[in-house]
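Take a look at these structures.
What follows is subunit A paired twice: with subunit B in the first complex and subunit C in the second.
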Partner chain A sequence: MADLRLENVSKRFGDVQVINGVDFAAKHGEFVVFVGPSGCGKSTLLRLITGLEETGGGRIFIGGADVTGMKPSKRGVAMVFQSYALFPHMTVEDNIGFGLRLAKLPKEEIGRRVAEAARILQIEDLLERKPRQLSGGQRQRVAIGRSIIRDPKVFLFDEPLSNLDAALRVQMRLEIARLHKRLGATMIYVTHDQTEAMTLADRIVVINRGRIEQVGSPIDLYDHPANRFVSGFIGSPAMNFIDVNEHGPENCTSLGAGSASIELDGCQVAGATAIGIRPEHLELAGPEEGDFPATVEIIEKLGAESLVYLQFDGSDLPLTMRTSPEHPLCAGETVHVRFNKDRIHFFDRDGKILNRP
Partner chain B sequence: MVDAAAIDRPLRDFNPWPAVIVVCLVCLAVLFLAPTLGVLLSSVKTTRDIAFGELWTIPDTLFLGNFGEVIANPAVHRYILNTILVTVPATAASIALGVFAGYVFSKLPFRGSDVLFLILVSGMFFPPQVILIPLFRLFNTMGLIDTLWPIIIVHTALGIPICTLLMRNFFATVPNALREAAILEGANEWQVLMRVALPLSLPAIAVLATLQFTWIWNDFLWPLIFTNSDEKRTIMIGIVNLKGQYSVAWGVQGALSLIASIPTLIVFLFFQRYFIKGMTMGAVKG
Partner chain C sequence: MKGVRAGSRSPIFCGARRMEQSNRFWRTVLLAAPVAVFTVFVIWPLLSSFHYSFTNWNGFNREFDYVGFSNYAKIVTDKLFLNAAINTVIWMVAAILLPTLLGLGLALLIDSRVPGGTMFKSIFYLPICLSAVVVGQIWVWIYQPDWGLLNTVIGLVSGEEFRYPWLAKPDTALGSVIIAWAWQQTGLSMVIYLAGLTSIPEDLIEVCEIEGATAWQRIRMLIIPLLTPATVVVIALSVINSLKGFDILYIMTGGGPFHSSDTLAMHMYNESFKKYLMGYGSAISVVLFLIALTIIRIYFRQLRRVDEIYG
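After this line comes the complex of A and B, so read on.
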């Protein structure tokens, strides 16, 4: 049974259609990440699910029940806000127990459940503090504590890590993954960071301009993107895109690059106007086997691998290549590069992926 | 080594403005403090001393008879009680109305609420003289003249613009996410206001309480218009009424003036500890 189901959900603010007919279902216990660029409507979608924003059209089901017109607190969802939204005048204990106190639960039960949540999140010794006496990571935990104590059907996270520094972000990411394992609850997690999406998700929903572009497992999206947007958005560094020349030779894909062109023999898909290739699917080769010569512009040595930023000779087309750090490259050098032809993606005029024959 | 030129420079570039400003401030301070000093001095002197033109001298002995006379006077008790009966409800009511209106304007805006807000706030710039006679006639028809009701009502109404303005602007600094988090936790709008927005707005409440209390306590105009019997007068009118049949009782008036200013002082001292900034710090980010 689906814990969360969206049916043709849409929302407009004034003249702007922010959410455009979204259909989606999350299975029980699934960790789903909504990912997309800033302003694509991720937060709005979450707010529609919570009921903080009224739906413009469509229906929302949580735990099988239609909650479309229901009050936010009755929907069985809990949300961790991007800004944490802790009540500054209350102690951590009161923040976590706020909802239970509103529900007029007995004091002992509130105390017991707050202690339990604090234990899970390892914030037992912070219970007496006010939010301003906490670090960013601790505030984050308190915010999560406030959500888990209500035992919701669906957890919603709106970019929960974006206010943390890089090291803490990686740590909290792991903790959220652990929390998900431990609670086994359905979680919807919103981020604009595709790395977060790739590492956390059971399933990723890529959103662009209020529409779902593609839904799938991280590897699925990485290996089989449905279109050019997903191809460019998932994966870091991003996929390289090169336009296809209209009047290339027969049985060959001719790639345009300024005055120069690259001919990929024996590899053609009818109707393709562009190709995409991931940085790891470009490789160094000898002058004979290489598909084209390029100039090394910058090398980023990351230790386990190196990112090489190349420029096609005779054009200003930038390309990124991922290589092992053993290659002794230096900037300004001319190298020969080969495509891994099995891993080339072909796109039509509308950016849709084309199946290879 | 200190550069000799660097020391000389400030002398050459003598800036007269700080000195001018200090002189101006001192003049203003003297101007404002002189009446207070006069009242203070007159309160500890006998009417006789004052009549002989001894007002501005420092007395050799403190004469506390004026205070004794004021404190023992039952009319004064009545004035103070009346003033409390006017000031406390009017202060509380105007702040309460300002809180509700301010919350709606900042967190629950509706179509046309901005215009309504402007109209409401523009009420602040209305000279009271304009509404004086209509109000008198209104309360007269209602049979409320020479009761405390008109004073309470008018002060409550006149306080609404400033209270609404201040509360709206303060509530606007309370992040919307806090309201939404509370609503998700099951709070209704009233609970959001009472448990989240209001506790975070204590500085604004403290400022308003001090302002409104002082303003209403010290008001002379409205009690003068709406009351006429001595039993319904408030303290500011009481000070004026406290005179002998043939002479002005400077000393007694001075003593009562000082006593009359004690409550506003207490209110200020009580609320000033809430005049702190950054109550919302730590709510988001940080």
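After this line comes the complex of A and C, so read on.
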């Protein structure tokens, strides 16, 4: 069993507390994605698990064993780096078999295992090449090959697809998912790309300022975010936020400011200072059914859908609405927009989500 | 309404053309200066040497005769040339190996964040800032038989008075100069290797850590191969500097005793300026030039190969 457990793990670089008492457990065979904005500490957390950084406090367990003070090579982990970290002077074969050569395994055994890894990753034809002669995707496969050949307890991926172009990223994402399914190993994957997080993860760990904001399945995080940070971070395009007008009428949520405010009758949560609504939960309506009028600022036609950026007087920020591309909208046009009131999220002053009555 | 006449250029186009002409003028002027210096101080002496190698000029008289290839024929039979050539090979091999290995060792030591690393770096680099004459004189003092540092230290360690004329014995003269040379050149190799070490990506070192490489495995399998571009530069500089190595030999031994530290450069000097056989000295210099040219060609070929692997 190769489960991973972090107990109150912390790390400080000088005066900066980078990781702040993180508690987390990943089950054997689980694909966990650490996601968060740049500088949130997700890569540092991964390096703490690998042993490339010493923990400032707390304990790390892999397969039930306390590995906190152990060298990286004794922890039974393998890491795939963003830069691929391939040795430029070695062939693909030598790169993949590097760890086994260090362990002084017999040549036949190394050859057999390299061939097996190459077969899984479909790079059998590239074994004699040097990294310089490979494309980005092929290099990443070699890097993954080097990690799977050691049969580690836990695979660690540090933004492995960031250097690839968009099309290749989608392809490699699929291959990593296939690899996980095939190996059934515990995988920890760090990314700032929440599409990768949503598509790959069994569970997502959202990290912000060295703390875990929320842990859950992708759909759970999308539908039931714990706070405003998670709501804004998970989902693309991001959730729309509108401040609640504190001086609005009773039994209704008044959004925006002054005469341009939006009144949501019969939809109120005590203590709410802002609401959040996803772009697909805003919809076009007739003048009678609409909750508010808005001006179409920009339309992004993505083929299967369109993203419409709306301006309304009560807010400085545009609202994003996801619509069908069939709607004949033009920039500058005034439209009427309706909220799907069941899907509105209410947040208090601290950004915590409020339960609806 | 004013119009632009057909065939006339717009002011913007004319301005661009003037600027291009001005750039071309300054490019020519700025390039002409180094080309002139290079021609006067390198190309012209080189061609002159080649010319005089076919003469019996003594370096003073205006008159000389053309002797064909006889100076080159003399080289083949000249035992002192053979001795100098063997010494040059020994000198070059040692002058390449010692600074390269010592420089690499020191760079690895300093890069491992040894306490006082920056101070050691400055200390080891200092000799390269000194002229070969100064370095030669320092080491003449160190090797001085009666009160030199080396003999004094050996005497203190062994507990007996030790007096050995390092530079006056044929067995040790060349080796002693090589050590002085290595002392001066090691700092340069060290600095080049340190620059090479900083260019090794940190994540490659981390891969070694994760894969469980020992320090020696890391140096052997990763660092030394990745320092190949730096090694090519270090070796090239060592070769070029060792071929030019004349002044330190001149100061420390003058090629003696009994020609035991004579190199080709030293031999060429002795033939040209002590025996006044400028024609024969020129022939030796042409041979030396051809050797240097061959080595430089090999170097550039290697450089291209290294570039293909490491980009």
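Here is the rule we go by: the second predicted complex is superposed on the first by the 347 of 357 C-alpha atoms of A that agree within 3 Å, B and C clash if a C-alpha of one lies under 4 Å from a C-alpha of the other, contacts with A are read in each partner's own complex, and residues count from 1 in each chain.
As a working rule, a contact is a pair of C-beta atoms (placed from the backbone, for glycine too) under 8 Å apart; a residue touches a chain by one contact, two chains touch by 3 or more.
All values derive from a computational prediction rather than experimental measurement.
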{"item": "Joint occupancy of subunit A by subunit B and subunit C, clash or fit", "value": "clash"}
{"item": "Which of subunit B and subunit C A:Thr50 touches, first, second, both or neither", "value": "both"}
{"item": "Touched partner set for A:Asn163, first subunit B, second subunit C, both or neither", "value": "first"}
{"item": "Subunit B versus subunit C as contact partner of A:Ala85, first or second or both or neither", "value": "both"}
{"item": "Touched partner set for A:Gly21, first subunit B, second subunit C, both or neither", "value": "neither"}
{"item": "Which superposed partner A:Arg132 touches (first subunit B, second subunit C, both, neither)", "value": "both"}
{"item": "Intersection of subunit A interface sets (partners subunit B, subunit C)", "value": "50, 52, 72-73, 77-79, 81, 83, 85, 87-89, 98-99, 102-103, 130, 132, 146, 150"}
{"item": "Of subunit A, residues touching subunit B in the complex", "value": "50, 52, 72-73, 77-79, 81-89, 98-99, 102-103, 130-134, 136, 139, 146, 150, 163"}
{"item": "Interface residues, subunit C side, partner subunit A - complex", "value": "201, 203-204, 206-207, 209-213, 217, 221-222, 225-226, 228, 308-311"}
{"item": "Sites on subunit B touched by subunit A in the complex", "value": "175, 177-178, 180-187, 191, 196, 199-200, 279-286"}
{"item": "Residues of subunit A that touch subunit C when the two form their complex", "value": "50-52, 71-74, 77-79, 81, 83, 85, 87-89, 98-99, 101-103, 130, 132, 146, 150"}
